[in-house]
Each structure stands twice: as C-alpha cells, then as structure tokens.
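Quick heads-up: structures coming right below.
Here chain A shows up in two complexes: once beside chain B, once beside chain C.
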Partner chain A sequence: MNTLKRVAPLLIAIVLLLLLFRICVPNFLHPENLLDLTQQISINAILAFGMTLVILSGGIDLSVGALLALVGTTTVYFLTAGQTALGLCLAVPAGLVVAALFGLGNGVCASRTAMPPFIITLATMLIARGAALRFNEGRPMHVPDTQVLFLALGNGRLFGVIPVPVVVMLLLFAATSLLLHRTRFGQHLYAIGGNREAARFTGIPVARVEMLVYVLCSVLAGAAGMIHASQLYSAEPASGVMFELHAIAAAVVGGTSFTGGRGTMYGTLLGAIIIGILDKGLNQAGVHFSFQYIIKGLVILGAVYIDVRRRK
Partner chain B sequence: MNPAPLLQLEDISKSFGGVHALKGVSFYLKAGEIHALLGENGAGKSTLIKVLGGIHIPEVGQILIDGKPAVIRGVGDADECGVRIIHQELSLAPNLSVAENIYLGRESATFGILDRKTMFRQAGELVEQLGLNEIADVRADVSCLCVAHQQLVEIARALSSRARILVLDEPTSSLSDGETEALFETLDRLRSEGVGIIYISHRLEEIIRLADRITVLRDGESVGTQPRGDLGRDQLISWMVGRDISDHFHRPPASSGEVVLEVKGLHSDQVNDVSFDLRKGEVLGFAGLVGAGRSELAKAIFGLEAGVTGKILVEGRRVLIRGPRDALDAGIVLVPEDRKAEGLVMNHSVAFNAALPWVADWIKGIFPDLRKRNSIVDRMIGNFRVRVSDPELPVETLSGGNQQKVLVGRWMEHRPKVIILDEPTRGVDVGAREEIFTLIGRLVQEGMAVMLISSDLEEVLGISHRIAVYKDQSIRRIGDVSEFSAESIMRDLTGSVLGTAESFVRMRH
Partner chain C sequence: MKKSIRGLNVLVFGLLLVTGVSCSKSSGPAQEKAEAGKGKLFAVSFQTMNNPFFVELNEGIKKVIEEHGDRLITMDAQFNSLKQKNDISDAILQGAAAIFINPVNWEGVTGSLKQAQRKAIPVIIVDAPVRDASLVLCQVASDNLEAGRLAAQALAEVNPKAKIVILHLHANKACIDRVAGFKEVLEKYPEMQILDIQEGKGSTEGARPVMVDLLGRFDELDAVFPINDPSALGVISALESGGRLDDVTVVTVDGSAEGIAAIKAGKLHSTSAQSPTTIGRIAAEKAYEHLAGKAVEKDIKIPVELITKANAE
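Showing the complex of A and B:
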C-alpha cells in the first residue's frame, strides 16, 4: 500500500507522457516502437541501478560514463585479439575485472579516506576516460563479425520478440532490488545512508558495505558498457559522456534522496522509464535538440521539487 | 567465597589529543544490581561507557567479565559479551521502521536474505512484552515518531537480545512520567533476572528510586562508590558538588556604575518576555540548564533571531537592532558558544581572524592597508597575551584558551560597552580557564559590562556580581550573588519532583 502510494505519481507521469506523445507521434504506442523504447532505456536503467545504491549510501559516482567507455574498449580489444570463442571467454571477464577494479578504487578511497566521493569519482572519471582513449588512438574499434554471441547481447531478441538488453536489464533489476530490499546488506545500506553514526554504533561494517556499493555500481557500468559496444557494433572510447548525469537524473526522479538513506530500486526503474520516454518522444515529435535539453532539465527540476514537497 | 563480579573495569585511562578523559578509573558491577554513575558533564561517564561498548579503545586498563579478561575492541565484541548500551544521543536510522531499527545489525536472515515477516512478528511481540504500547506499530518509520517514542525504540533494541550488562545513558531525558515508570518496572524485572545495569542520570530522584550502589566520577577520576543506603537528595548533591566552591575564583572587584544595557520585555519564539539591566563594570551571570534558551536570548539581543519584540536601550537610548551590525554599532558584542562553528574561521590565520571584524577599517575600496591591519592584530595579541609565535599561523593550531582570547580580544579594537560571553570556558583546560577569568576581570575593570552565560555553576557563582537564574526561556530569579548558593539555584532549576543536577555539575571537559 505504502509502496503503491509512493510510486503512484511516477506511474501517473508515465501514463500522461505516453498519452501526450501519442497525440504528437501517431504510432508512438505501436508495440514495435515501445519495444524499441525499452531497449533504449536499458543502458541508462542499468547505470541508474548502481547509482541508486551509491546515492543511498550518501555518496555519488561520476565515473560510470567514462567507465562504460573503458569497459567497452577493453572488451572489444580482447574480442578482436581472440576472434573466436576464446576471445569472448577472455573479453567479458576482462571487462568486468576492469570495472570491478575501478569500483574497488572508488570504494577504498570513499570508505577509508576523508576524500569526498564527488572528487574521488571525478578523478577516476578522468582516469577511466584517459585509459579508454589509449585504445586505437581514441578511434572507434569495430567488433569482429565473428563474435556473434557478443553482438547478440546488444541486438538479439529473446524468442524473436524481447530485446536482449531489456532481458539483461530486467534480470539486473531483479537482482539489485532483491539485494537492496531483501538482504541484510540492503538493510545496512539504508542504515548507513540514514544515520552513519547509528550504523557504526550498531556494529554494522560500514566501510565494507560502502566499498561493495562502489564495486557493484562499477560492475553494473561495465555490463552497460558491453551492451553499449554491442549495440553500436563497435567500442567508442569517447562514448558515454554525460551518462552518469542521466543515471543520477533517473535515480533522483525516481525518488532517491540525495542525502542518502531514501530511495527504491523500482522508483529508479520508473525514473529511467520517464527519462527514456521523454528522450524518445521529444525526438520522434521532431522537437529541436536544444529544446529537448531544456525540457528535460525542467522536468527533472519539477519532479524533484514535487518529491521534496511530498516528503515534508 | 564471593564469586567474581559480573563486570570489572580496572584502571581504565583514555585521552583525546592530550586531554585526559579518563584517569585510571576502576569500578565493578555485580549481577542483579543497578549501579548509578553520577558526575558532571565531561566527567568521563560517556567516555567510560564508550570504552565498555568498544567504541573507544582505552590506552591503559583492562575489562574483566566474570573475572576473566575480555577483549573489547569493537562494537561486535561488546555485543558478544552481552553488553547492551543505550547511548545518550539517539542512534537510530530515521529512514527505517521500528522493527528494522530494533534488529539493526542483528537481522535474522538465511544466506543474507532477510526474513522480514519474522522480524516484524518478533518485534511486535517484544514491544508488547516490554509494554511499550506507544511503538506498537513496528512497521512505522522511526522518523514519524516523537523523540520520546524513539527513545523507546532504543530501549526495545537493547532488550531485544539477551543482555547481561545493560547500560543506559540518560534514558529518561525525553520520557514522560508514565513512560519513565514503565521503564523502571522493566529495569526492576531485569535486575531480578540477574542482569547488571549501569544507569547514568542527572535526575537524582531516579537514582534514589533505582540504584543499589552509586559511583561518582569527577574530572575523569572515580571519587568513590557508596551503597545508596540512606543517602538523600541533599547529600547526593553535596557529594557531587564536592570541593569548596569559589575558592579558585577571583571575582573582579565590584565597580558597578550606571546602567549601560536595559532589556525590556524581550520576546520571540525562543525568548519569553525577558527584562533585565546590566551595569558598567559588573558581571551578570546567567545560570541555567543546557537548553533553557540562554544562547537564544543572547542571539536575540545581538540581532541574530527573527521576530523579536521588546526594547533594548544602551546608555539610556533606545537602539533598534535588526542584525549583528546594528548591535556592534550600539557597542554590543557576542562571543558565541561554539568557537568552531560560530566563532573563528579555524583554518585561517590568527591575524585573519583578529582583523576580520574591522575589514572596513583597513581595506578602503580596493586598497588594503596591511600596516593598519598588522597594528590591529599586534594590539590584540599584546593586550591579551595570546601565545602564538607567528600571527600568520592558522588559529586551529592554538590551544582552546588562546583561541578564546583571539575571539574575545578581537572585539576590543573598538571598545564595546557590553560583552556577551556564551559558555566561554567550554572545552578549555584548567589553566586556560583561569586566564579567561583574568580576562573577564580586565574587561570589567575597564568599565565594560559582561553578560556571562555558563552552565558551570561554580563558575557563575565564582565570578558574577549578580546572578539571573534562567529556566524555560525566561528569568526565574535575579539578584545579588550573595543571595544565591549552589543548592538554592539547583532548587530553582529543578523545582519539580524530578530534579536534574545537570547544570550544576557541568564542567570542563
């Protein structure tokens, strides 16, 4: 009941947006168009799941966009080196390890030092971006046509209908919401975000939880990076710019409190859907891209304002 | 032969950055007793408890449980030893539900997956069993509860698993009488079940009602332990107050001249119709409990509070104070309570801080006159004997006493008429305290009027010429210092049946 009450405004917003764009774009609600929409949402949603965990702990991770590019280039580099099944077996773990290492770096710095997460991840964002640009002199790296399985990750369809990225996104949604809402870890995460001292006093391993949060966020960014590279048939070292900001926007529109401790995974999913509908709808309605930015900015401002008011 | 006591603390010492919070404290707790820990704020009670709870690690000393040395190096260790602590400051996660807070850090789970249904059921049963009906809705968010009910959640948490040693630090400070009585019944029951309870409170009636034995801490040392026996309230008070008051205070000679500040019917949300006068060359001490609203009064006079009505007259002329600038222009200066948050820019230099209020004097337009600035700084350092090798050093490198001198001294550039000192000796060591008293003496001799807010009763009685007892946002009694004693102020402040001795005994950290 409580949950329904909290997500009701988001659901209403989604319905209104869909109806609005139905008026502007005649075939907006066509099933194929909607499937396409969900596919476009997946990457931002996956990033936003990780971002939600980090924001809940009271932190922020600005490095996910750059990391997405770095994981893409790393993965494609190994795919090309191996060419066949061996390449795939090497490339995916390599990409995820790179992601996890960055997450570990962020997490160690955030939990064991007094450096603010904003600055830490700003720095690792630059490092990851630089590392990505080391590959192929910063030019896009083509995914070999032989890597059929990898290409299916971004472009395949389960049973010929549901895009694979959406399947992955939904699985990750299930996993992260289970983690957040059903496990001890999730409980500890809420406690840390709500009252750090209280968490410490009750014997919660604050540093460990915090570290894990950053690792998870980075690994999710890594998964998103692979899907992104697969969708584009190539890894682009310069891709993923501003992705972290879209992920933050999705989390915040979905009701995640920036001071930590408040927010839900389904809220974030709905937030990502709202931003995705806006993106696609404005595009298809032929709104000039300059106005798209302005409208999205205003929507985020409005959504957060309403959320803050409701909380009082 | 007596079995070993449940808990023994032996020779515990702990210091923070050179300040000795605990100096070899020893004390023991038997199973099935309520042992009260009494002492002034800053006497080391909370530190002692944090040592027991694994939050602070002592430098010296050992903890024995059942006569065997126990290693308590973290919150988890304490938990395993059966130590449950209800800290003075609430330690709840406001964004979680009652049940989630009760079982925080001890969630029942299989392979990390929470069993929420069981948790809510158990929490419901526990709350019912403890008779804490106010928090019967265990699914409610803690942030929706009032403070008293939040306190109940803390209590439920401490009692949710088998406690052998239960520590309560000021548990009743926000409870109603009924809730307090319910808590006492629970404590009585636990005592009869053999739980050892350490109970900290400033409310002497509670201690008389509950305690089997009483230990008094003072300045980080144990003064002694006595069975409660026939100790009455008055004996407890004198035991706590201890040494002879006002021995080491040198009250500046009274040189009261004409009235310099008149406050008439000052009223706001935080100030309830306050009137008083302050004369040239006198110290008017404001005694009261922490939270009585004395700082708010000071801020209202200094123009920091909104919606203040009433009149303020300086040297007979009405002044309109809309903000600190107006107050300063009228010759009123406030030295705030919290040096770090409200007083000094800690990471900037002594010179920066000393010259800050007088920027208009030494920067004209775009021309800073550094010679003038330095002369302001040098005068301040010289006049107030601030011990600093180089005025360009950050002020945070100075001792608390010297910081306070900078904070007071910097206002002297343009001789104020009235100086309001809010808790000037909080957090400074004994030596610096003496220096601050000397400083106050000088201010008075030079004809300034001092309004001294202090929760240290010794201090107020020791150096004020007149005293105002402040309670619930208004003055209860005002008069010459000779009309007051520690005991009489205590009675004014505690009044009702449940007395608190907090202010009495608040002292140096």
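Showing the complex of A and C:
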C-alpha cells in the first residue's frame, strides 16, 4: 500500500504523458510503438538500477558509461578471438570480471578511504574510458556474424514478441528490487544512506555493504554494455558518453533522493519509463531537438522539486 | 500527503504546459502545409548537428521535401549510436516514407537498417557510408578518398618534407577514407612522414587539447591534417596559443564558411571543399525517384574541390 502511494504520482504522470502524446501522435499507443519504447529504455533502466543502489548508499557512480564501453569492447575482443560457442563462454565472464574489478576498485576506495565517491568514480571513469580506447585504435569492433547467441541478446525476441533486452531488464529489475526490498542487505543499505554513523554503531558492516553496492552497480553496467554492443552489432570504444547522467536522471525522476537513504527500485523503473516516453513522444511529435533538451531539463527539475517538497 | 499531491499537480501541470506548447510550436507553417496536402513524412538522423556541414546538408534535403509539400523531421544523435538507433526506430514506427541516415557508427546502424527493411522503408545514407550497403537504397557522399588525396597533394606542394600529425575521427568511415586517400599520396613522397595519428573527435573543442599535447611532444612537427574544418579550427587555436602558427601548415577537408574564412586569414592552407547542400539535394531527389518507381544508382559520389588562398571567396 505504502509503495503504491509512493509511486502513484509517477503512474499518473505516465498515464497523462501517454494520453498527451496520443493527441500529438495518432499511433503513439500502438502496441508495437509501446513495445519499442520498452526496448529503448532497457539499457538506461539497467544502468539506473545500479545507480539507485549507489545513490541510496549516499554515493554516486560516474564511471558506468565508460565501463559500459570497456565491457563491450572486452567482450567483443574475446568473441572475435574465439569465434565459436567457446568464445562466448569466455567472453561474457571476461566482460563481467572486468566490470566487477572496476566495481571493487570503486567500492574499496569509497568504503575504506575518505575520498568522495564523486571524485573516485570520476577518476575510474577516465581509466575505463582510456582502457576502452586501447582496443582497435578507438574504432568500432565488429561482432562476428557467427556469434548468433550474442547478437540475439540485443536483437532477438522472446516468443517472437518481447525483445530480449526487455526480458533481461525485467529479470534484473526483479533481482535488484528483491535484493533491496526483501533482504537484510537492503535494510542495511537504507540504514547506511539514512545515517552512516548510526548504521556503524548499530553494528551494520558498512564497508562490506558499500563495497557490494559498487560491485553490483558495475556488473549491471557490464550487462548493459553487452546488450549495447549486441544491439549495435559492434562495440564502440567511444560509446556510453553521458550515460551515467541519463541513469542518474531516471533514478532521480523516480524519486531517489540524492542525499541517500530514500528511493525505490519501482520508482527508478518508472522514472526510466517517463524519460523514455518523453524521448519517443517528443521525437514523434516532431519537436525540434533543441526543445527536447529544454523539456527534459524542466522535467528533471520538476521531479526533484517534488522530491524535496515531499520530504519536508 | 496533501503537500505531495499539490506538488504532483505542479509537475503534471508543468509537463502538460511545456509539452503542449512544444507540440504546437512544432506545427509551424511548413507542417501545416504538409498536413493540409496530406503530405508524406520523411526523417533524417544526423550524427551531430553541432557542425555547420550537417546543418547545410539538412537544408539541402529539407528544401526538396518542402517543395513537394511534404515534411521532414530532423534528429540529432549527438555522436551516440544508441540514441540514433532509438531515433530511427521512432521514425520507422511512425511510417516515414523514407529515412535519411548519416551514421554515427558505420556498423552500429545495421540493426536500424534491418528494421527499416522489414517495414519496406527505403533508407538513403548521406555523407558517411555504412558497412552493409545491400541494406540501403543508395549512398550519397563526397568523394572522400579524393578529398584526402587533394589535401596531401596540396601539402606536398608547399612542404615535400613535411612531418605530419593527423587528427582522426576513428569511428567514421568518411574520415577513414580521407586518411586513406591522404596516405596514398604520401607514398609518392618518401620524405614526408606521419609522426602520429590521434583521435580529435572531429570537433573544435575535441581537437584543441589534443593538438596542444602533440605540440609538446613533437618539436619537429610542421604539418597537420585534421580531418574536417571544425577540428582544423581547434588545431589553429592551439597553434596560435603555442606561437607555432607560422611554421606549421594545416590542410583539411570540408569547405565550410568558417574554414574558408580561416584560409583568407592565412591560418589554414587548404580545405578540400565538399558541397553539403548538393549532397542533401541529390539524396532527397533520389528518394522521390525511388518512390516514383524509378531505379536509383547505388553509390553516388559528389565531387570535391580544393580551396586555397588562390580561389577562396
């Protein structure tokens, strides 16, 4: 019930936006268009799930966009080296290991030192970007046509209907929201974000929880990176620029408080949907791209304003 | 809770207002005309609109389409392949009559091309080519190999022993071709040497810091080939602040108003001029020819022209 109350404004905003765009764009609510919408938001939503965990802990992770590119390039590198099922079995774990190592680095720095997460992840963002650009002189890397399974990750459809990235997004949503809302880890995370010192005194393993949060965020970014490479039939060392900011926007529009300790996974998913509807609707209504930025900026401001009002 | 409801009202009202205003704003005179004549919808997706070249190319397409009483939606991918994919999919699902694409990534666009093919929507590629040409109606682009050759030839004439750095835009096939054409001519001049090739992002703000760094690394460098006018402007700015503008020759490709102004000011040696408006016009004409059932050539090369101080106007 409580959850419903919290997400009600977001649901109403979604319904109103859909109706509004239905007026401007005749076939906006066509099932195929809506299905396409879910596919378009999948990468941002997956990044935003991880970002929500980090923001809840009172931190921030600016490295996810660059990490998306690094995991994409690493994975495709191995896919090319072994152009068979064996290559796939090697490539996916390799990509995830790279992601986890970066997450561990972020986590160790954030939890064991006094360095602010903003600066730590700004630095790891540069490191990940540089590492990604080492591949193929910065040029896109082609996914071999033989890697049918990998290409299906971004372009396939389950039962010929639901895009595979959407399935992955929903599975990761289920996993992260269970973790956040149904486990002790989730309770600890809210406690740390609410009041770090108090959490430490009640015996919560603050450092361990924080470390895990950054690892999860990075691994999710890794998963997004693989979907990205698959959807684009190639890994781009220069891709993912600003993706961290879009993920933060989805989390914040979904009601995640920037000071930590407040926010839900449902909210973030709805936030990503709102941003996705805006992107698609404004595009299809033929709104000039310059206005699109202004409108999105205003929406983010409005959402944060409400968040601040509600907290009073 | 009451407060939050009031807050919600503010958000919803604001959203409606802003979006409503922008929806109505978009129906300018051109669109009204199109709606009145039940005009067709066309869409174009550019890798960036932060480059006068693409603004002019867009104008070239738009002029032809509006003359037919149809309308054009222009989309800016901001060098983001994923955004380009999403933008194109929005246009496809709206049932565009034809789509013009200037790809960010010549492979990354494959999924969009397949999606358009499933819906039987013709795709015309402008400026930079795609990997799988069988998926598109036709490709209209400058002769980029020739543009690179002309740049190298112009450099060879002023400095046949040049020590060169190249500021590349690695992901872009048009730029890959320019560099290939450039290198082809260098083979005839064994004393000319490429010191380094760096990623310059194809933009003024991207190229400037890279050039500053290169000046620090190579004392002997005396020529630069930035692959387009915006990067050339960044390079010139770096050379000016490093006091090296007089002994370093810059040759590039584009022919924008800014580039020509730099040539007249004696800061840029040459630019192999493309004609973006012509590319746009021809692309739009080919789309209409195809829609009228005529056969269209697959690969259309628009000639380039070397501009130096002698013919800059």
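Keep in mind that, in the parts below, the second predicted complex is superposed on the first by the 312 of 312 C-alpha atoms of A that agree within 3 Å, B and C clash if a C-alpha of one lies under 4 Å from a C-alpha of the other, contacts with A are read in each partner's own complex, and residues count from 1 in each chain.
Basically, a contact is a pair of C-beta atoms (placed from the backbone, for glycine too) under 8 Å apart; a residue touches a chain by one contact, two chains touch by 3 or more.
Please read all numbers here as calculations on a predicted model, not as lab measurements.
Three-chain overlay on chain A, with chain B and chain C fitting side by side and no clash. In the superposed model, A:Arg182 lies in contact with chain B only, and not with chain C.
Of the two partner chains placed by the overlay, only chain C lies in contact with A:Asn155; chain B stays clear of it.
Contacts of A:Tyr190 after superposition on the shared chain: chain B is touched, whereas chain C is not.
In the superposition on chain A, contact of A:Arg22 is made with neither chain B nor chain C. Applying the stated contact rule after C-alpha superposition, one finds that A:Gly261 touches chain B and leaves chain C untouched.
When the shared chain is aligned, chain C comes close enough to touch A:Val287, but chain B does not. Of the two partner chains, chain B is the only one that A:Gly203 touches; chain C does not reach it.
When both complexes are overlaid on chain A, the residue A:Asn33 reaches chain C alone and has no touch with chain B. Counting residues of chain A touched by each partner, chain B versus chain C, the larger count belongs to C. Nowhere in the superposition do the C-alpha atoms of chain B and chain C come closer than 13 Å. Listing the residues of chain A that touch chain B in their complex gives 178, 182-188, 190-191, 193-195, 197-204, 261-262. Interface of chain A with chain C (complex): residues 5, 9, 12-13, 16-17, 20-21, 23-25, 27, 30, 32-33, 36, 39-40, 43, 133, 137-140, 142, 154-155, 228, 231-234, 236, 238-239, 241-242, 278-289, 291, 295, 298-299, 302-303, 305-306, 309-310, 312.
Listing the residues of chain C that touch chain A in their complex gives 1, 3-4, 6-8, 10-12, 14-16, 18-20, 22-23, 25-27, 31, 49, 71, 73-76, 79-82, 85-87, 89-91, 93-95, 105-108, 110-111, 131, 170-171, 176, 197, 199. Within the complex, the chain B residues that touch chain A are 53, 55, 74-76, 79, 87, 89-96, 100, 104-107, 109, 112-114, 116.
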